[in-house]
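Each of the next two complexes has chain A plus one more chain, namely chain B in the first and chain C in the second.
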Partner chain A sequence: MTYLIPLIPLLPLAGFVVTGLLGRQMGRESHQIAVWAVAASWAVAMVVAFAALAHGFGIGDGAGITLWNWIPALGFKAEMGFYVDALTGCLLIVVTTIGMLVHIYSIGYMAHDPGKWRFFAYLNLFMFSMLLLVLADNFLLVFAGWELVGLCSYLLIGFWYPRRSAAVAAKKAFLVNRIGDMGFALAIMAIWTQLGTLNMQAVFKLVEGGGLSSTWIAVVALLLFCGAVGKSAQFPLHVWLPDAMEGPTPVSALIHAATMVNAGVYLVARCNPIFGAAPGVMVVVAAIGIFTAVLAASIAFTQTDIKRVLAYSTISQLGYMFAALGVGAWTAAIFHLMSHGFFKGLLFLGSGSVIHAVGDEQDMRKMGGLARKIPITYVTMLIGSVAIAGVPPLAGFFSKDEILGGAFKSGFLWVWAIGFVVAGMTAFYMFRLMGMTFWGPSHVDPEVEQHIHESPTTMTRPLILLAIPAAALGLLIGFPPESGLLHQWLAPVFEATIAAGGRTEAAYSFFGIDGGLAIVTTGLVAIAIIAAWRLFGVDMPAIGLHAEPRPDQVREVSARRGLDFLYRGSAAKWWFDDLNNLLFVVWGGRLAGAVWWFDRVVIDGTVNGVGTVTTQAGLRLRRVQTGHVQNYALGIAIGLIAMALGYFLIAVR
Partner chain B sequence: MNWSDIGTIAPVVASVLVAAAILIVDLALPNRRQAVIATALGGLGVVAAVILLQAGHAGSAFGGAYSLDNLTVFLDAIFVAIAVLTILFGVDYIEPRGLPIAEFAAILVFAVTGAMLIAGSTDLVLLFVALELMVLPGYVLAGFARRDPYSTEGAIKYFLLGSFSSAILLFGLAYVWGITGTTRVDGVAAALAKVAAGGSIQPGLAMGLAFMSAGVAFKMAAVPFHYWTPDAYQGSPTPITAYLSVGPKVGAFAIALRLFVGALGPLRADWLPVVIVLAAVTMTLGNLVAISQDNVKRMLAYSSIAHTGYILVGLAAYAGGQHSGLSAILFYGAAYTFMNMGAFAVVAALQRQPGVSSQIATFAGLGRRDPWLGALMAVFLLSLTGIPPLAGFWAKAYVILAAVQAGGWLTALAVLAMVNAAAAAFYYLRVVVYMYMREPAEELRPSSPGLLFRVGLGVTCVLTVVFGLFPAIATAATNAAGVFGG
Partner chain C sequence: MSGSLDSYLVLSGLLFAIGTFGFLARRNAISMLMSIELMLNAVNLTVVAFGAFVPALKTHAAVIALLVIAVAAAEATVGLALVMAIYRNRKTPLVDEYDSMSE
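Moving on to the complex of A and B:
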């Protein structure tokens, strides 16, 4: 079975190479090879994932395959090897399934783009990188995948690079990610110097066996978490993700919602033996996660760009996952990762369909009343929204419930309380989005209004296919709560860490604390949905209910309650971009100015001196090449004499 | 001489027979170029098979004048690969210019025979004879385009200076013979071990070392004995330049291994400072002058001088006590062979239409005009720069690593090598920039090289990538070959 594993990343890599080299010549059909490569990779991945989740078929609780010794260098060793266990299996399902559907969706979405071949080549490269990241069996290889997905993210955010905002957003994403990657790189160096191996399973064994002092464990865990914070857009490195929406919408769905941003969650979950041994760092993880969740949710309240709302929602949901990891609810985090991957991928693709329908308009204030005009998009997005809001029995309900329950029962009451509020906020902003987009009277430009049409089938089918797991995944793998299929799958991955933590959780009680929590949360969600519906959605003049979804709805309500400052804060994204501007652009600019002065006067003076000398020397030396054999022979003779003198000096030493 | 001697030198014998067969076929079937090419390639295939059969065996012939060991096999394999690739690249270039293909192939195979003889030589006299057998056909090849005045001029210069330096080397060998009383490498090493144990060396030996160092430095094109390189490289037909840039260079390093490591190994503390200075000056000057070149062929010529400097770092690391420096040299030789021949081959492909120059402007817009050729050139140039995961990266990494581990002055040399590698990126990547970011000045038809040429390009590219992704494949061979004689 393990010999199938290398095929999973190699197929998209082959697709990338072929599409990259020949795509331009293939013209309109340039998507073919890319799509089929990913479809084949998906098929193989399903087989491998099935074997891994069944804990059998040659994989059992985890099996690896080493292809070759990647870097043999005198004492240092890194192998090109893959490792698959149930955790990898879960990630494989999410990455390849959504990846394939996004590829299919993009056939329609990018049909008229002259750079279509480039787009598909990048998408395939991304699939390869992401699968490399997920499958790698050593930290260096994970890092390679980590950097490659970062590169693909950069390339795809800036896909429409002639647009200045896209180019700037790509650069921003790249630079912010570098900060986190620095931490990850340092973590790898620390692991190597302390343990002498980079193979993950070996490292975990050594850590579990006490091969690393608790200080070093904490240092490594914190550094790894730094990397995760950057890649998964957590506070304070969350600023890049909303801007990343400058990329084409399928990219937002695939990379910036369903897969790449999960890499941080995956990394922390994969390194559970390290994090589990560092309780202090776990609290930091939980705190950053839940703070990010509430921060991003509050910003999502007031954004008017449909994709930006979803972007902040993604940050918020990722915060949930980190909170779950931090409180030790490992399985719940992966559960939410999976369900979120599906419903957020769905919502992004749906938003792409909406944007497509209204002529590339992203401002929700210029939408409204679209429900009847693009019914498939509407229904599928409604399913996604209900799922993310946490309405039973859809996927989001189960995964969120497990996170909140886990926080509550493991004593992190503050995490539970904030998470509870965020659940309500999530429901509200999602239905605000639905209301402004689909319900109420239309605010679409009359010119555009006539051309509104449902998207082609290559775009709607992926929506329908994603709506199924978004709706049913929770029941399928998460029921009964805390002992569903997913828990059985992932038990071997996390059981050692959970046992080492010494925390035994009470069984799930429908008629006890767990059921109670679920009912309370669902109640809050229901209230939030009704409030959003009342504010943005109702358009039934017949029974006297009429809401004009003005752009200022939230502001008016908050002003009436004397909470205007909250509104302004949210709309300004809590001034993080301004803070960064002040820190890095203004103050950093001044510092850079000073450095520049130093550079110009002192360094450049030296460098230019060296450069002038170099060029001059080059030109002089060129002139040595006179073309006259006599001169050459003379030169050789002089060299010989110099050499003889040198040897005599050595001889008399 | 007996039969087992013939068995030991079988690759050399086979190679001579191939060269003779090419001439006979040409004589018997005039104007049948396919027959000539088939004979050459098939014959070299047989030679390669003979070499592979010898792998793992050891032995000596002619009373110890010729040795068969892992080093011999490894170098022989590289030389045959060079010959095959040169023929693959040469056919497309030689024919349209009306030059005789059979002479080209035969002379080339003779040259390579000499190189293979060097690889196994463990006698000073045989070493010299083998060297002459390698370089004399080289002079002819350099002047192969005999109606082209540049080709003739370069060949004459190469010949005059080459003879000059051969005499210098021979003079040095004579000194060693005079002092040690033997020409066998192991005998020389034993005698010199006594000298080394007795303290400092005598002026006579110092004189001999100086002459030998200068002679070998000339053959490997180390500064300040490199003058012949740019003229000979630029004047020669491009596929022959590709050969000259790798064949005689690897051959020269084979001499360095047999002579300096094998025979003069006991005196390595004495020649170490010279090699360090030679390496430092060579890579720095090679790069400096390469930066100011506008002609890609000439740029590659100077860059090949710089690569000599990097390889010398490996030799210095050996002299500094790191035996891994030897396998680093061999890895470098193999990697450099394929990436450099590939780069020259792309230049040759562009020049398939006579009249196309190798000025850098020719490369403008190549990535768009001819995506395959552009991508290949980019791979070769990135590898020459030393960017992972390509062969050139590991080549530099192993050499530098060996030097760092040797410590002392070699650490400084390693730092200098890294600075040089960074500086070299400038002129290599300049070509890449031209290929992908400049619009072509004039509309050139995409050159469509023939099948043989494409096979050659494919092989060099695949090997450049494979050695980069799986350096372990090559290090297994280089580590084995790095353990020999001294």
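Moving on to the complex of A and C:
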């Protein structure tokens, strides 16, 4: 079975090479090879993933294949090798399934774009990079994939590079990511110098065997987390993700919601033996995660750009995942990663369909009443919203409930409390989005309104296909809670770490603490949805729902002293962009100006000075070389006399 | 005074000084060659004088003097040949007009 593994990343790579080199000549059909390559990769990945999840078929609890020795250097070794276990299997399902559906969706979305071949080539390269990251068996190869997905993200955010905002956003994403990547690179160096190997399984064995002092474990875990914070857009490096929405919408769905941003979660989960051995760092992970969750959710309240709301929602959900990792609920984090991947991919693709329908308008204030005009998009997005809000029995309910339950039962009450509030906030801002977009009176430009139409089938089919897992995934792999399929699959990956943690969790009890928590959370979600409905919804007397959209009242409440601060802060994204602008653009620019001045005046001055002095000295001294033999002879004679005189003065006294 | 080493050394010093002056001051290449011969002979005179007054140096002095004479002859030959070659080229024996190496 393992010999199939290299095919998974190689097929998209081949697609990238062919599309990248020949795409321009292929014209309107330039998507064919790229899409088929990813579809083939998906098929192989499904076989491998389910073999891994079944813990059999030659893979068992994890199996690897080494292709060749990638970097053989004196004492240093990094291999081109892949490793597959149940965790990789879960990621393979998410990455290849969503990747394939996004490819298909893009056929319709990018149909009229002259750069279509470039787009598909980049998408293929991204698939290759992400699969490399997920499948790699050593840290250096993970890092290679890590950097490559960063590159693809940059290329695709800046896909419409003539637009200044896109170019700037791409640069911002790249630079912010570099900060995190530096931490990851340092972690790899620390691992190499301390353990002398980069193979992940070997490293984990050494860590579990006590081959690393607790200080170094904490250092390595913190540095790895630093990398994860950058890639997964956690506070304080979350600023790049909302701006990344400048890219085409399928890119937002694939890279900036469903797959690449999960890389950080995957890295922490993969390195669970290291993190499990550093309890202090785990608390940091949980704190950063849950803080990011509440921060991003609060910003999502007031954003008016439909994709930005979803972007902040993504950051918030990723925060949930890190909180789950931090409290040791590893499986719950991966569960949420999978369910979030599907419903957030769905929501982004749906928002793309909406944007497509209303003539590339992203401002929700200029939408409204679209439900009847684009019904497929509406229904699928509604399923996605209900799923992310955490309404049972959809996917988001189970995964979110497991995270909150895990936090509560492992004693992180503060994580649970904040997460509980965020669950309500999530439901509110999602239904605010639905209300502003699909319900209520239409605010669409009348001229545009005549042309509103449902998207082509290549765009709606992926929506339908994604809506199925968004709705059913929770029941399928997460039920019964904490002992469903997913838990059986992932048990061997995390059991050693959980056992080493020494915490035995109480079994799931529906008529006890877990059921109580689920009911309380669902109650809050219901209240939040009803509140959003009353503010943004429409009257539906048949089921007793009354909406009274009162923008003036909202405005009045949010203008009250104390509340207006919250409103302004949320709308201004808590001024993080302004802070970064002040710190790094203004002050950093001044510092750079000072350094530039020093470089220009002092460094360049010295170098140029040496040159000038030499030239000038040469020009003057040239006169000595008269070409007349007798001048030289005179010089010799004077020298001789000087030497003789010196001899007499010093030696003969 | 004729019996002392000093008088020979003074004479040789004078000859050497005259030769140096001639080499530095004369413009004619032939004259410069002659000045060199004068300096060589001044040195030779010193050597021979030392040989005559210091018994231990008798044989050494003779050998050195002969060697110097031989070298001087060779030097004069090569030097004259060079001067002839340059003269044919530049049509002048004056060294301050041999200035193609300057600037």
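Please note the rule applied: the second predicted complex is superposed on the first by the 581 of 653 C-alpha atoms of A that agree within 3 Å, B and C clash if a C-alpha of one lies under 4 Å from a C-alpha of the other, contacts with A are read in each partner's own complex, and residues count from 1 in each chain.
In this text, contacts are C-beta pairs under 8 Å (C-beta built on N, C-alpha and C of every residue); 3 or more make two chains touch, one makes a residue touch a chain.
A quick note: this is a predicted structure, and the numbers were derived from the prediction, not measured.
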item: First, second, both or neither for A:L21, with chain B first and chain C second; value: first
item: Partner chain(s) touched by A:V652 [first = chain B, second = chain C, both, neither]; value: first
item: Per-residue contact with chain A, leading partner among chain C and chain B; value: B
item: Partner chain in contact with A:V629 - chain B first, chain C second, else both or neither; value: both
item: Intersection of chain A interface sets (partners chain B, chain C); value: 622, 625, 627, 629, 633
item: Residues of chain A defined as touching chain C within the complex; value: 622, 625-630, 633-634, 637
item: Chain B residues touching chain A - in the complex, by the definition given at the top; value: 156-157, 160-161, 164-165, 168, 200-203, 205-207, 209-211, 213-214, 217-218, 224-225, 227-228, 230-231, 270, 273-274, 277, 285, 288-289, 291-292, 324, 371-372, 375, 397-398, 401, 405, 469-472, 475
item: Touching residues (chain side chain C, partner chain A) in the complex; value: 20, 23-25, 27, 32, 95-96, 98-103
item: Chain A - residues contacting chain B, complex; value: 21, 24, 68-74, 614-615, 617-619, 621-622, 624-625, 627, 629, 631-633, 635-636, 638-640, 642-644, 646-648, 650-653
